[in-house]
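Chain IDs A, B, C, D and E follow the sequence of writing; residue 1 opens each chain.
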Amino acid sequence: MNSETLIPKIGVVTDIRIDTPDVRTFRVVGLDGKKAFEHMPGQCAMLSMPGVGEAMFSITSSPTNTEYMEFSIKKCGCLTDWLHAMEVGQQITIRGPYGNYFPVETDLKGQDLVFIAGGIGLAPLRSVINYVRAKRGNYGKLQVIYGSRSKEDLVDYQEILDEWMADEGVEVNLTIDREEEGWDGHVGFVPNYVKELEPDLKSKVLVCGPPIMIKFTLAGLKELGFTETQVYTTMELRMKCGVGKCGRCNIGNKYVCKDGPVFRFDQLDELPDEY
Amino acid sequence: MQRIGVFVCWCGSNIAATVDVAAVSDTLKNEPGVVFSTNYQYMCSESGQNILKDAIRDYQLTGVVICSCSPRMHEATFRKAAAAAGLNPYMVEIANIREQCSWIHKDKAAGTEKAIILGRAAIAKVHLNAPLTAGESPVTKRALVIGGGIAGIQTALDIAEAGFEVDIVEKQPTIGGKMTQLDKTFPTLDCAACILTPKMVDCAQNENISIYAYSEVEEVKGFVGNFHVKIRKKARYVDTTKCTGCGLCTEKCPVKKVSNEFNLGLDNRRAVYIPFAQAVPKVATIDADHCNMLKSGKCGLCAKVCTAGAIDYKQKDEIIDREYGAIVVATGYQPIALDKYDEFAYSQSKDVVTSLEFERLTNAAGPTGGTLLRPSDGTHPHTLVFVQCVGSRCEDDGRGKSYCSKICCMYTAKHAMLVREKYPDTEVYVFYIDVRTPGKNFDEFYRRAVEEYGVHYIKGMVGKVAPRADGKLMVQACDLLANEQLHIEADMVILAAAIEPDPSARHLATMLTASMDTNDFFTEAHPKLRPVESPTAGIFLSGVCQGPKDIPETVSQASAAAAKAIGLLAKNKLTCNPCVAHSDEWMCNGCSACEKVCPYGAITYMDKEFRMPDRTTAIRRVASVNPAVCQGCGACTVACPSGAMDLDGFSNSQIMAEVDAICKMK
Amino acid sequence: MQEMMIAKARELLKSGAVQRVLGWKAGEFAYDVEPAVFESAQELEKSFVYNDFCGSNLSKYLIAQSRKEGKTLVFLKPCDTYSFSQLLAEHRIVRENVYAIGIPCQGKTDGETLKGKGFTGILSAQCEGDTFTVHTLYGDKTAARADVLPERCLNCKSKKHMIYDELLGEDGEVLDSHRFDMVEKLEKMTPDERFAFWRGELSRCIRCNACRNVCPACTCEKCVFDNDASGIAQKAAADSFEENMFHIIRAFHVAGRCTDCGECSRVCPQNIPLHLLNRKFIKDINELYGAYQAGEDPDAKSPLTDYTMNDAEPGIVYHRGGNQ
Amino acid sequence: MQNEMTTFKPKIVAFCCNWCSYAGADLAGTNRLTYPADVKIIRVPCSCRVNPMFILRAFQRGADGVIICGCHPGDCHYTTGNYYARRRMTLLFSMLDFLGIEKERTRVEWVSAAEGAKFAATMNDFVATVTKLGENKRLEDLRCKK
Amino acid sequence: MKQLSLEKLNDLFALIGQTEALYLPVDDAAGQAAYRRWQPGYTLSKALNTVRSAKDFFFPQTENLVDFKMQGKSIEVIDPRTEQENFVLFGVRACDARSFSILDKVFLADPVDTYYQSRREHGTIVTLACTRPEETCFCTVFGIDPAEPAGDVSCWIEENTLFMKANTPKGDALLTLAAPLLSEGGDDAVAAQQAATRSVLARLPLAKLSLDGMGGESMLKLFDSDKWAELSQACIGCGTCTFVCPTCQCYDIKDFNTGDGVRRFRCWDSCMYSDFTRMAHGNPRLTQRERFRQRFMHKLVYFPANNHGEYGCVGCGRCLSKCPVSMNIVKVAKALEGEVK
């Protein structure tokens, strides 16, 4: 952990990939050209452009990537507008890593894993998926259920096609909300697709996406016979400090930035419904 | 983040001599967001504009800053060029480094530093610019001419001739204006009525022209292309559709001692009257201030004699709503009041008259039937003294005007000449400061008065006119050329009173949001290049309301104003100014402060249903700006405490960014 | 009076003429009366109170309450009616949903004022006639009523209700107050003295926003100081400039709208005499543009949305008042 | 001290309405009437566009004087804008004075499009006045000072 | 126990003030107490407590965190801190003294807030025992003894004498510095004063305030209580309670563009403010009810849940006197009492 936790480091943007009309993935390294810091899958970092804003983003790249970090960022405000407008070579500030992470080395180890994501919700899961793929032997079957509004809104589509789908023991199920030309895959909302696919009840499930999707997916999983202790998600709330001190991102007595962002649903049940 | 291009113009040596243009473009290159910066000899030239266009395309510029002359000069040029290259024209900002920098500073270092700061301010602003699209508004294909004198008549006829509808609003019962009161006109000496009345009749007969006589403009709303005007048609107590203008009522009316304004009070009329024989519309008008029937309900004689049954004592003022695309102001003038000129004894003696009164005294339709008689005793005057520049070209003494009234020299020459011609037994003296005759055949005319007709022109001012008990007027004057005091025993003294804008013009200017100068003459958009347009779009100026003029000049300006109005009416759509206010409905309190300060009535309030963040619905009162009506002054933006109201193109954040850039320490 | 008010409220609730009552509720101590909404007779019986500590101006709560279904009964003291009237003029309150009862006021004190006068450890307080008896941990003390009233009540501008549906008790008159005396005194100081005075006062500001949030004129959906897009948003005064900025802009935004209810100064935890800023504007407006008091005449044009051709030039500031 | 006074270059922000005063400033330029480079003009559509926030902002950022120029009362391009500006600025300036801030640092002048000479003279005078007052200390934001 | 005649109090201040910055409560223009840096002529306020709490000295209302300079695409990060000077905080009451330990649990928890830490390390706290507690005091509810205040040095003022007792090495150092002015003795006088004060404490109206049932166990029950709507209805959403509170520690981080760079600073924030949790796409605490609930849940439930039952309140009573609408933690606690029983 950075001892001067509120003083950021400089990050240099070395690559910008246009994922969807409103999502770009930024590759960031430190001033020395190396990774700014190490992290675990599911952890976040505070990115900022001084004078524009600072916000928490989940680190999209896998910790197993030793060269750089990646952030998939959706355009939705002042700072993200600015980030989307910048060019390669731009310096930004970065601090972290913050928060907890998916228990990839404990509870999830040796398990079959189901990843359910909607839209930009794939960003935090991508880190886990690639981590697990890199340490393939430690885990059982992998199933990715991913949906978006349309084909062009699928984040990391190329990587999904070229790498994940090519992997053995990885099942990838894609869906889009509405029929469209050039799409012969599944059409429909993610929660329904999950019910159709009936994932293996032994699996651990990692869910991330818009709140409404999470809500219905969880209900669907329960219908299928999953328990809340099997399902993990990652949260996002207004954050400023990233270290559990500024006081705004709490759900009950837990700070999302410090005690989260990864929660198991049975943990959330013990907390007030305030998200 | 914008991609900004900076273009620094040398303006030949106009800028480059006191501003190091290369240093400016080099320094500004390092400003955030600037991806291209250059300098060029003449940015406004075709090749300069090409540099701009090429850079916009090559560097995918999203914003442009031009450091050059005043935006009042070439903002439109560069906006057009940017648009041609595919950039929204409102993404262009000008840093004025000529008029407000290179031309006023001599020190090159200081000039360069300031130019850089001005450039930075423009860059800071452009960062916050957003593409604006000019809206369009339709044009009502009808013009309003305010004032039915020769100026208004000519303008109306020209517009009507071009095929557009025109309304003339005239506050008197008839159109015709001052010219109807004139006898002959200089320098040709043709009779005013003979040349004017046919035009008046043309107006009445032209299908495109509606005359609202005895009417006044009550309210003007709207904007160029879309004026909404309320016209108050004053009650005449005569049904104009029935009145044949036979004049029987005016003969039978028992109220005989009403001062006749057409003859400037030199004789009387009845309480029901037709101003003069050729009046248009030729209908009677009842003067409510004097009519017995209207005052006390006792009389009704006119109604009894009117065979057409046109008299209507119950008539009320009528408000007419009309829409116009263009408005021409032709409110004309009046001679100044002379009650402060005691030295000329105007108030003491009936035989001291103004030139306009003199016109009536020599007019065949006037109170004396055209025979020149002294108003006091009806005798034939033998010695006439004309005094020029009464109230014109005078020091600021609180009673006169600083300007030259322009027409007095010529009409005085005309009067003097006509008197001498008709009454060779008279002696005519003209006292003048200068005789100004700069017009076609004007000087010749004046010389004829002096040389052919023997009018005594004396350079000098009349100091005092003293009425004597025997009716003579003792005129004390000095002859500046002979350097001697003169004492003239005169029968009549004629004062060339200065002319001033009609008093109704001031109020009208406020309604029209047209500006006036300190003398209450309407200001033109440009004194040389746009002389018949007011700075307010859609308002045109015709005749003396803009400045003193004689008839030929008035008529030519009237036609010019008509041409401008026609040019406007010929368009189907007008492009609106996109720099208008807009309200953020989520922040609006509905307090109405903005509505109260809007001079155009562009802001309205409505109750609108909102889907609140907590998923309930709420009805909130919020402001909404009509972008076609808003002129972009910004009064509302400051009246609004929450900052919900902001102005496109001059937003709070843009102005503050400029402030920041200007005040920046480095 | 309290009994009359409860009886009236009970009656109107019972008849269904109103759905709720906006009034004051007794607290822990004598003085910590809080504004409250009552929806039943039981609630009224239990804790409705009207006493010498009911200083808070209820009119601002009507912005929210009047948007609810049904009618709200509100009790308004004379100075509260000014705010109510001004809020109506600004279309912030739905008039049809309010039943306003005017109630008399002899001046209201509060815990802070008592403490400022040296009463500490207050256990209870009663007022009989013109004498306040305060029971404290350290013995009983008495004081004349006038000695424990805050400035705003000592300089009360009016005991007349500007607007109401019904009046309990007698209506009073607009008073000849000395409310501008302190402003005048400051005007007579040298600029240096004034600067020192205001620095001393405003430097205590903790930017808690109590003055703004309690102010019945500060009802913006989103205050410029909370709006990052406004360019002047600030949460804390990071520099003495920001202390000045906040108070100047706030005073300016309520200029011509401030009813001089004095709530800003009452709630300021640092006892900054904020009302002086508002009164300066009121005084200037009165002197330059003719007497005007917001909340008095709902049809009068607010001086800042009005003008005359012959208004004083801004240069008048160089010549009038104060030392050079 | 004497030396400091003479080397002090005040920062002046001038808000000029587009129709009269900005044109008046242009005319001053056209006629080559000089005034100190310390004056920087910000073009606004009308004097009524000038928000008190802008004036305070200028002082915060280090301006030593702020002047607002508009059309003469009665000549506003928008008819009434400068009437509102006149009231707003009168009250604002009075408030600044009330807080003990030097009143000479703020000014309103009406300058028509024809008054290039007046514009230059006004700026010269204002710069001289502010120079005499020295640096703005009472309404400064130390964070914006070097 | 050391003692000093009050006549020599100024000498003591001068002595300390010579070597370190000394802050003490003095009366301000409005007659209320505020901490000021001592200078000759300042006298110790007689007020029970300051309006602003002593937390300012460790967690100031605004604080510069980091400066940035930008040039083209590069950013330079500058730590603006200079060496923290030693300072002495004199006259802190027992409640505020306790607040530091509460703040420590936040700021000194991993990762340590070095800004706060540095100030804590450089500050010496001299507390002063209370003798005339007010009706708003309820520190005893939290086990605080205002007659025996914590701190590096504890003081008592009785009649014309100041009694001082060092509790920590920092306190020892201060008393060593002051040794030339001090003499031994005073235990009896202090004990007598303590007895008198404690008898008043027992009579305080809020002495019996019960917080039974508060804490983590009741989180959901209290959170879902329907009392919050009524409790919060008068709340005007200002930050007075938070800003005068010695334990409120929420902050915001903001950037200020100085024209020459960006200064990132933190400043106190209030969970009572509507924008506290506002995000680009919504706000989880939409109405004042949720915001109000957060503040009191934090003090009475969340904080104890995370800190072995210790409440985030010290009973100083500031919010009781200062709330514009007289709503406060005591009213809340009393209203919620029934919910957990």
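Quick note on the criterion: a residue touches a chain if its C-beta (ideal position, glycine included) is under 8 Å from a C-beta of that chain, and two chains touch if they have at least 3 such contacts.
A quick note: this is a predicted structure, and the numbers were derived from the prediction, not measured.
Trainee: Which neighbours does chain B have in common with chain E?
Mentor: Both-contact set = A, C, D.
Trainee: Starting at chain A, find the fewest moves between touching chains needed to arrive at chain D.
Mentor: Tracing touching chains, the least step count from chain A to chain D comes to 2.
Trainee: Compute the centre of every chain as the mean of its C-alpha atoms, then state which one is farthest from the centre of chain E.
Mentor: Relative to chain E, the chain with the farthest C-alpha centre is B.
Trainee: Name the chain with the Cα centroid closest to the overall protein Cα centroid.
Mentor: Of all chains shown, the one whose C-alpha centroid lies nearest the global centroid is D.
Trainee: Taking the mean of the C-alpha atoms as each chain's centre, how many Å separate chain C from chain D?
Mentor: 36
Trainee: Distance-wise, how many Å sit between the C-alpha centres of chain C and chain E, to the nearest whole number?
Mentor: Whole-Å distance between the two chain centres: 30.
Trainee: Hey, how far is the Cα centre of chain B from the one of chain C, in Å?
Mentor: 51
Trainee: Considering chain E alone, which of its residues make contact with at least two other chains?
Mentor: Within chain E, residues 70, 252, 256-257, 259-260, 269, 283 contact more than one other chain.
Trainee: At which residue positions does chain C touch at least two other chains?
Mentor: Expected reply: 224, 230-231, 238, 304-306.
Trainee: Enumerate the residues of chain B that touch no fewer than two other chains.
Mentor: Expected reply: 597, 639, 652, 656, 660, 663-665.
Trainee: Every touching chain pair, please?
Mentor: So, checking each combination of chains, I get A-B, A-E, B-C, B-D, B-E, C-D, C-E, D-E as the touching pairs.
Trainee: Quick one: in the complex, what on chain A touches chain B?
Mentor: On the chain A side, the touching residues are 82, 85-86.
Trainee: Flag every residue of chain D that touches chain C in the complex, lowest number first.
Mentor: It is residues 52-53, 56-57, 59-60, 73-74, 80, 83-84, 86-104, 106-108, 138-143 of chain D that touch chain C.
Trainee: Under the definition above, what is the set of chain B residues touching chain E in their complex?
Mentor: 30, 32, 613-614, 660, 663-666
Trainee: Quick check: in the complex, which residue numbers of chain C touch chain E?
Mentor: By the definition above, chain C touches chain E via 27-29, 31-37, 56, 60-61, 111-112, 115-116, 120-123, 136-138, 200-201, 204, 206-210, 212-214, 226, 235-238, 263, 266-267, 269-272.
Trainee: Where on chain E does chain B make contact in their complex?
Mentor: 70-72, 257, 259-260, 282-283, 286-287
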